[in-house]
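Shared between the two complexes below is chain A, which pairs with chain B and chain C, respectively.
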Partner chain A sequence: MTMILLIEQVLNGLQFGVMLFVMAAGLTLVFGVMGLINLAHGSLYMVGAFAAATVAGLTGSFLLALAASLAAAAAAGALVEIVVIRRLYARDHLDQVLATFALILIFSEGTRWLFGSFPLFLDVPSWLSGPVELPGGILYPAYRLAIIGVGLAVAVGLWALITRTRMGIRIRAGESDREMIAALGVDISKLYTVVFALGAGLAGLAGALVGAIQSVQVGMGEPVLILAFVVIVIGGIGSIKGALVASLLVGLTDTLGGVLLPSLFAQVMERSSAMLVGSSLASMLIYILMAVVLVVRPSGLYGVRS
Partner chain B sequence: MTLKTIITASAIVALSATTALADVKVGMITTLSGGGAGLGIDVRDGFMLAIEQSGRDDIEVIIEDDQRKPDVAVQLADRMIQSENVDVLTGIIWSNLAMAVVPSAVAQGKFYLSPNAGPSALAGRGCNENYFNVAWQNDNLHEAAGAYSNDAGYTNTYILAPNYPAGQDALTGFKRMYDGELSGEIYTQLGQTDYAAEIAQIRASGADSVFFFLPGGMGISFLKQYADSGVDLPVVGPAFSFDQGILQAVGAAALGVRNTSQWSKDLDNAANVAFVETFVAEYGRLPSLYASQGFDTANLLISAIEVADVHDQDAFRTALEAADFASTRGDFAFGPNHHPIQNIYVREVVQEGDVFTNAIVATALTDHSDVYAAECQF
Partner chain C sequence: MMAEKHLNWLIAGLLLAIPVGAWLLGEIYTVTLATRVVVLALAGVGLNLALGSGGLISLGHAAFFGVGGYAMGILASHAQSYQPLMDWPFLIEGTKSMPVIWLVAMISGALSALAIGALSLRTSGVYFIMITLAFGQMFYYFAISWPAYGGEDGLSIYVRNGFPGLNTLQPIQFFGLCYVLLIAALLVCARINASPFGLALNAVRQSAQRVETVGLSPRRLRLTAFVISGAITALAGALFADLSRFVSPTMFSWQMSGEIMVFVILGGVGRLYGPVIGAALFIMLEHWLGGVSDYWQLFLGVLLLGVVLFARGGLIGALARREAGHG
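Now for the complex of A and B:
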């Protein structure tokens, strides 16, 4: 394996990681602050992608499409929180899982009813299409570099929000003692709606960004949702910093494992079967990573409670 | 004899009496919801178009959604066979669902006409006299892609497919016909949506072409990312990643790609011209190969109903074997294992106005059967 290929794969792992982070950040916030398991987070990702594809189709502007994905997913999130989720905070996790699973089905079939069963078209904007040459002669798609940039910007923005603003103080307070901050006069239900909408908006943004290089179709959110759960478990529930570290870890492990393992096996066995065994094992790697992390630190890398 | 058994017995008698008098009852189990729904909807629409055009009112079609889940498909099949008493089953899209349903359905004396899935296990030793495949054996389109790669002069191809039975069959099928070297061979994860790592490997491999089998959304993702990566090696694949439902979502990234198919909308025969025209008029969209397969399946069924009674199994089977219907593919016949013998074409993705579609550029294989036919003994 050449150095150029390795660097390119590390970039791919980074890009996958930051995208997972944008998705997982909302999930871990909602889980940490409200103690709610939200399986429908993947549906909000899908809502963002469909909103972006629709707006891009109507206006031709990718930036407007991104704004629409944020707005549509945040609005859908706020609506869902007020109508359904609000009733679930006091219930146990099984009720939450059941109700949010029902939301997945409603979102999926509702989207199919509105948009039909065939995938929608959403493309990379022309000013970001094609590869750019990085130092060292590496050709890398400009759009993926932009995704890395957006992901890191979201990470910095969230960090600033949580540590530097009044709202962040309330979120952290709500995380550690919700009765107390309610007693201090903070409108806790409004805070919950805002946090939920923020998480939903980020999921929608991730859906739109990824939708441009993948396919915008019903059910696109569920595979990502599973990875996002892996990320928040590894990172520690409720921790934004943990989500960032874990996302990058998962992204790099998955990408580099998928590349390196098959060629490692090819040293000792015939190529066809090495590919088969190597890729099967590579797809397990992140779960092995999760198991190892949980053995060493049962509450996750940056988790405060178990 | 208790009262309950008497009632049950008379109910059974009444039920069998009505079916004996009644028309042909067809049970269609297909995927109408979830990620793969586009395929099932096309098969259903093609099938129902043919039934409608035949003008017959003695064919009753019961349509159910399997949600792409084997357990749901098995339940539906049991219900259709045991309580609805259908004569013929059809509709299944996915090979794993077909493997769960078909063997037990034909063992219970029902006919099964496959409009899509053609797993090798049902074409060779596991074949059955009541199982007919109207689409293709799973390997066929990949074999054609291998043959086309030879014709196109490719000698160092990079091949990839998802790591599941149909993906492994795909690479096996391709290698069966392809004579050149392989610069690489990758199995991706089923349902994978990001192919950056694979594309980087293709770029570094020094290949002269790429063969991929990534059905549905996986193919959309791969093609968009491939076009954006700046790798410009020619791409070959089976028609599954280039059907009419998918092409609009891929857009210009697919232009010029060669793909192999037993059907194309520009095949010039009377049945096909009429099919494309009436399908567009009825549903307001262009038909896909899945729609053509559903349409052919229904026409095969109608051709057999016209000459034989479905309850006379031997006569009905002979009528199906004759395949005396006007296929949208032109020449069509069944081989000894009840799988098609047909031409497989090479199509190129082109743009007609705003619509992306396929046009035939060559014939990859003529009167092609499958390698499993020899192992089949009824």
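Now for the complex of A and C:
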């Protein structure tokens, strides 16, 4: 294992982690403020990716595509919030799970209806397609670096939004006592729609950014959604800081585990069975991480409620 | 409107009469569909014990369904290739005998439920939902990345496993076997619900604190229910694998967990026969809507949304008089 390869993998892990953060931030915000578990968050990720692929195909502009992904997913989020989600806040978690599961079916099949079953392709723009030379002579794809940059910018932006703006004050107030801030004259249902649309827009952005590396297809959102759940469980529900730490932890564990475990096992057993045991174990690693966190801190690293 | 008890008898009767009638008329396909209903209903009966009686919203029951499926796949594939499962420290050979496979499937399902439950039940509410979903996904990825039993491609079993005294290759005989198991599981669940354990479990769902103050451990009650639930769902997994003679990681997928939950909800949460009528409705919708449109799941989604938003209590809630049951 050379140093350069290791640094590359750390960067890959970071890139994966910040994308998970952009997904998880919306989920955890929605849970924190509205107390809602939203399985359809992965569908909004998919909506963003499809919107980006469509706009990029029509205009050829990647930046327009990104803007479209944000706008389309936020609009879809606002629509879904007004039509369906709003009726679920007062319901128990079981109803929320089922209704949002139904939304997944509707979104997935609707998208398949509109776009067909074949994956679409979203190309990395030419000005980001080459490698960048990092200090130490490491060549790393510029696009992946840009993703890390966007992810960190979203983290800083969310931090500023929540701690430095009036909107943020309302969100925090909504987290701790929603009846009270409604009584103080804040239009709570508008606030909910905005928070939901914000989370949806971020999910759409993540979908578009990742869609350029992988393919854009129906069902792309749910595996990421489940990883985002793992992130939230590790970080603590409702905590943006926890989501950031946990998503980097999960991103790095998953990426480095996949690379390091097989070679680690190769030290003690023959190569082919080391590959086998190593890669099987690596696929379970983040869930094992989650189990360990659960044993040590059942409410997550930064969770407050038990 | 009728009493729920009479409705249950009607459902059980129809579920037996329709396939037998179809078999007499030579409609073998209907018998296979009915077997699917029975097997999936059994998986739902398992979940219903955790979800309906225990209030545990598990989105990871596909893990147990898959474990049961793979218990059957692994045992039968070793019997098929005459390779022992292991020969050290003691010899374990594959088998094609259903009773043995069922037992192994239920024990494996119970053990996985014990492990997942012991960890997940440290939390509650929305954490529990996410964690069970995540552990289900862990089994899925493990099944994909472990190549010894087919990996992503799954395992084919060429001949259906046997049951002493029956010819399981005959669809109606296999249906009968599954039907008897479903009814047995329903009777067991009815017994459990009426037992002191079941009453305590019901109390835990309504108010865990009160149960704790009278000296019972809510966590132990929930874990017990979760383990029994996992064992029943694993048995259904083994039967499902035998029905299609094929096991693959999709049995572990989160969609499977979602579908099992949909059976329970369509029928009515906490209703004994809820999963049965829910699974029957689901399969009928799949069959009819699937014939009308390739995008039938879109309509299923709209229907499910409608049931959740406007028709709580499910089908049994709509058909039976108000008594037991809960939303």
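The rule is short, and it goes like this: the second predicted complex is superposed on the first by the 306 of 306 C-alpha atoms of A that agree within 3 Å, B and C clash if a C-alpha of one lies under 4 Å from a C-alpha of the other, contacts with A are read in each partner's own complex, and residues count from 1 in each chain.
One rule holds in what follows: contacts are C-beta pairs under 8 Å (C-beta built on N, C-alpha and C of every residue); 3 or more make two chains touch, one makes a residue touch a chain.
Quantities reported herein were computed from a predicted structural model and do not represent experimental measurements.
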Inset, instruction - Superpose on chain A as described above, then tell me if chain B and chain C fit or clash. - result: clash
Inset, instruction - Please indicate which partner A:G130 is in contact with in the superposed arrangement: first for chain B, second for chain C, both, or neither. - result: first
Inset, instruction - Once the structures are superposed on A, label A:L103 by its partner contacts, choosing first (chain B), second (chain C), both or neither. - result: second
Inset, instruction - Classify the contacts of A:L276 with the two partner chains as first (chain B alone), second (chain C alone), both, or neither. - result: both
Legend entry - Which of chain B and chain C A:T2 touches, first, second, both or neither: first
Inset, instruction - In the overlay, answer first, second, both or neither for which of chain B and chain C A:A291 touches. - result: second
Inset, instruction - Among 99-107, 225-233, 243-251 or 315-323, indicate the stretch of chain B whose C-alpha atoms run into chain C. - result: 99-107
Legend entry - Contact residues of chain A, present in both the chain B and the chain C interface: 108-109, 112, 223, 276, 279-280, 283
Inset, instruction - Give every residue of chain A touching chain C within the complex, in rising order. - result: 31, 37, 84, 87, 93-95, 97-99, 101-106, 108-110, 112-113, 222-223, 226, 229-230, 232-233, 237, 276, 279-280, 282-284, 287, 290-291, 294-295, 298-299
Inset, instruction - Using the touch rule from the top, collect the residues of chain A that touch chain B in their complex. - result: 1-2, 4-5, 8-9, 12, 15-16, 108-109, 112, 117-121, 123-124, 129-131, 139, 141, 143-144, 210, 212-220, 223, 255, 258-259, 262, 271-272, 275-276, 279-280, 283
Inset, instruction - Over in the complex, which chain B residues touch chain A? Could you list them? - result: 33-35, 37-38, 41, 163, 168, 185-189, 191, 193-194, 196-197, 200-201, 203-204, 217, 220-221, 224-225, 228-230, 245-246, 248-253
Inset, instruction - Going by the contact rule at the top, pick out the chain C residues touching chain A in the complex. - result: 51, 57, 59, 119-120, 122-123, 125-127, 129-131, 133-135, 137-138, 141-142, 144-148, 254, 258, 261-262, 265, 269, 295-298, 300-302, 304-305, 308-309, 312
